[in-house]
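Quick one: the structure is below, and I'll ask about it shortly.
Note that the chains are named A, B, C and D in the order they appear, and that numbering of residues resets to 1 at the start of each chain.
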Amino acid sequence: MTLREKTYRQFFARSDASERLSGANRIMVIVIIAAVTLTILSTEAAFRTVHRTTFILVEFAFGVIFTVEYVARVWAIAEEAGEHSVLARRLRFMASPMALLDLFVVLATLSPFFVSDAAMLRLVRLLRLAALAKFGRFSRALQELGRALAERRYELFVTMALALMLLLFGATALYWAERDVQPGAFGSIPRALWWAIITLTTVGYGDVSPITPVGKFLASIVALGGIGLVAMPTGIMASAFSEAMQRRRDAAAVQGNGPQV
Amino acid sequence: MTLREKTYRQFFARSDASERLSGANRIMVIVIIAAVTLTILSTEAAFRTVHRTTFILVEFAFGVIFTVEYVARVWAIAEEAGEHSVLARRLRFMASPMALLDLFVVLATLSPFFVSDAAMLRLVRLLRLAALAKFGRFSRALQELGRALAERRYELFVTMALALMLLLFGATALYWAERDVQPGAFGSIPRALWWAIITLTTVGYGDVSPITPVGKFLASIVALGGIGLVAMPTGIMASAFSEAMQRRRDAAAVQGNGPQV
Amino acid sequence: MTLREKTYRQFFARSDASERLSGANRIMVIVIIAAVTLTILSTEAAFRTVHRTTFILVEFAFGVIFTVEYVARVWAIAEEAGEHSVLARRLRFMASPMALLDLFVVLATLSPFFVSDAAMLRLVRLLRLAALAKFGRFSRALQELGRALAERRYELFVTMALALMLLLFGATALYWAERDVQPGAFGSIPRALWWAIITLTTVGYGDVSPITPVGKFLASIVALGGIGLVAMPTGIMASAFSEAMQRRRDAAAVQGNGPQV
Amino acid sequence: MTLREKTYRQFFARSDASERLSGANRIMVIVIIAAVTLTILSTEAAFRTVHRTTFILVEFAFGVIFTVEYVARVWAIAEEAGEHSVLARRLRFMASPMALLDLFVVLATLSPFFVSDAAMLRLVRLLRLAALAKFGRFSRALQELGRALAERRYELFVTMALALMLLLFGATALYWAERDVQPGAFGSIPRALWWAIITLTTVGYGDVSPITPVGKFLASIVALGGIGLVAMPTGIMASAFSEAMQRRRDAAAVQGNGPQV
């Protein structure tokens, strides 16, 4: 096997029996996680100013790694089966969303001098992580999850519509009860919607809350009656997910050990 | 088919095989959602004052649409099967709750000069949206949900009674422990009930919370022991809903593809 | 049937086929709910001072009703089957917990002049409501719930022990991280426990929360990892309850309509 | 049976038919719980200064008990089956993690004069409690729970990865929207992560919350969409636990009463 063949396998291999990421892709996962962590830390002034030189050096190292990876991919794509010329294959690959994302990551990493807010750009690397999830075991699990959600799209739609109506109803009730006393927090329905969302998700910051007896009475009723409704779409998604995983496990059990149920 | 026949089908058709809303009703759903959104935004002074003219014009347009729809319905109802005269059918339709709601929406949209708080009136349009849910797929799903809830009315009653008792017990405990230190927040059982509801739904604004050691101890016990109890009625409703949807899906599978289970 | 027989049936009847409360007991449920509501409202100074005379009169009326009920019960108990003399039966009834509770309610209602805090005493009426739950359909449901909980006492014990350990662990971690900066809120483990309970039940008042980076980091880990653990005992209770209700419904279906499953 | 044999059985017995803790181990559980409680209370200055002498005496008593227990264990281990000499067995036991933990507890209890913060050291006793859980019924339940979690390690990994991505996404969105207005709370992504964690676990202290309209809009979307995702790993753990307990109960039913299912 030539080096180019090996490189191609490492970066583009998919659907092998073991369903595991190739060595090169695993290293890239670790590099990307490290790069994302560094980007997150670099937004904190306390870190940035103290370790300024370290940050620049490590970012430069990441830039080199991403560049090497990009070049290696463009070089190795020539191994792809197909009737087009090597150049045509390379150009087509370079125009694909994944390669454009790669290129964007390289540019974002290497150009902190051109853009004022490089940190935000660099978080695009997270998308690279998601793109890598396309390979290996993740891929099938996410597909199955997607199918399970699609199957329940109707429940999701009905419960979300009911939850939205409840949010709107609660916001209107509190707008009516509190707008004169707290015009800042309840002076319009959009403002009251902030209260309704923070209350019915049970987050409850306390930055806005009713203070009149009527407002507290209405808020009590909305809270007692509505929390379950707002929690329903997320509950449906959670059960869809666990069902999809169960189905996958059952299928694996059948394949691996012969029929069991 | 005459135009009147077509109009009748568009506005009143029900239970066709596809279980989908007719074209006219779909347009009305979009118009109502747009109108409700506009009403919500119009309560915010920041929007209202800047886009004053736009608001008036768009509201006028909505008024025209709702008027045309109302007139079209009254006109097309003549197609309804029945032995009464056309006038009798029209009058009976105009006296029906749905037509009265339509009329109310038309008047509320067109008369911002007569009432001081037109915004609240206009939210009645949300009810129109609910009325449209009577048609199409929503209808059967909501009926089934209602049946599932009715079947469990007993569990709901028992858990709600227990939850209410717990709320009352918690409020009394904190009233006893904190009323001298915080007369504003815990000076009476109704006031302490506000604390109990906001705590046991886990909203926890923090506008009222115990400050004495005894109060904190009692609140800890009430919180640890009671949150599950208050969440139970909503849990029962959620499982009733998901069961109803499952039953519907099973029935559809049987009808569509022959018996499967 | 003599009046005394009828009275006996009304007040003491149990386990009749319909499983419904007798007329007299239903009236007492309503009276007790009204009396409890009045007591709750009477703790609020705003109501108490304005409707002072009304409160006294209605409380007096409740006192009369409770007295009449007590006397009627003592009188009617003579109908009870048994070999003892009527006087012996009456004395034994008067010494029973339920009759003592009745007497206590009568005294609490009629003696606001002897005790400074009659409101708290009067809430004992809630226990009367619980005592009435002994009759009719409630009774069997609560028994079954009790059995379901007893069956899972082991899960409940394990999860509660784990949850308590987690609360203690979280409190110790935050005590260690924040005690120097916030001695008032985290200056001892019992104080930090208040934070741990309010956080892990997701109530989150915000009266105490970590402010140091280390404290926030530890609190994040405790919150992300621990919320599910603290919610588990309540989840187990909820599922035990819904299972008990399902079993009851299945049994009713079998009894009422012949075997179905 | 000699005294040493009895002592050995009491302290080291495992897996007897009844699956219950031996008498000595039960007493130690109670002593450890009492000692932990005392340690917790002793961190509170209000208790410590008032009951100073009591605390010292009781801690001394606990020290004596733990010392006696340690000596008794070292003495009784000679009964263990094996070919080594008694001394070798004792030394090997003293080098085992459990005996070292015992020794550490003894030293921590008896040496408040050497260390400044004895309270933290003494909490190590909690680990002793966990070590005792190795005996009796707890042991098998915890093993089964561990197996259930291991079986679902894949779901846990996927949901945790998704939840972490969502937390990061939410934090970045709010960092972008609020960093200029609230540099203290949202001035970097790590700071915004504190907000994201406290919001998506629905704790919601309210120490940090968005104040700009854009920030509130983004926070609403993150809260409505993301709470279910963050709750999923804990939900999976909870269902794994309840499934493991169910399996155990079924197995017990089969063993105890013959096959039932």
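As a working rule, a contact is a pair of C-beta atoms (placed from the backbone, for glycine too) under 8 Å apart; a residue touches a chain by one contact, two chains touch by 3 or more.
As the structure is a computational prediction, the values presented were derived from the model and not from experiment.
Peer 1: When you check each chain against chain A and chain D, which touch both of them?
Peer 2: Common contact partners of chain A and chain D, which must touch each of the two, are B, C.
Peer 1: Among the chains here, which has the CA centroid at the largest distance from chain A's centroid?
Peer 2: C
Peer 1: Taking A-D as the reference interface, which entry in C-D, B-D or A-C shares over half of its contact pairs by residue number?
Peer 2: The same interface as A-D is formed by C-D.
Peer 1: Chain B-chain C contact: same residues or different, taking over half shared as same?
Peer 2: Different: fewer than half of the residue numbers at the chain B-chain C interface appear in both copies.
Peer 1: Hey, how far is the Cα centre of chain A from the one of chain B, in Å?
Peer 2: That gives a centre separation of 32 Å.
Peer 1: Please report how many Å separate the Cα centroid of chain A from that of chain C, as a whole number.
Peer 2: So the centre of chain A lies 45 Å away from the centre of chain C.
Peer 1: Show the residues in chain C shared as contacts by 2 or more other chains, in ascending order.
Peer 2: Within chain C, the residues that touch at least two other chains are 193, 202-206, 231, 235.
Peer 1: Quick check: in the complex, which residue numbers of chain D touch chain C?
Peer 2: On the chain D side, the touching residues are 36, 39-41, 43-45, 119-120, 123, 126, 130, 137-138, 141, 193-194, 197-198, 201-207, 230-231, 233-235, 237-238, 241-242, 245.
Peer 1: State the interface residues of chain C toward chain D in the complex, per the touch definition above.
Peer 2: Per the stated touch rule, the residues are 152, 154-155, 158-159, 165, 168-169, 172, 175-176, 187-191, 193, 199, 202-206, 209, 211, 216, 220, 223-224, 227-229, 231-232, 235-236, 239.
Peer 1: Considering the complex alone, what residue numbers of chain D touch chain B?
Peer 2: Of all residues in chain D, those touching chain B are 202-206.
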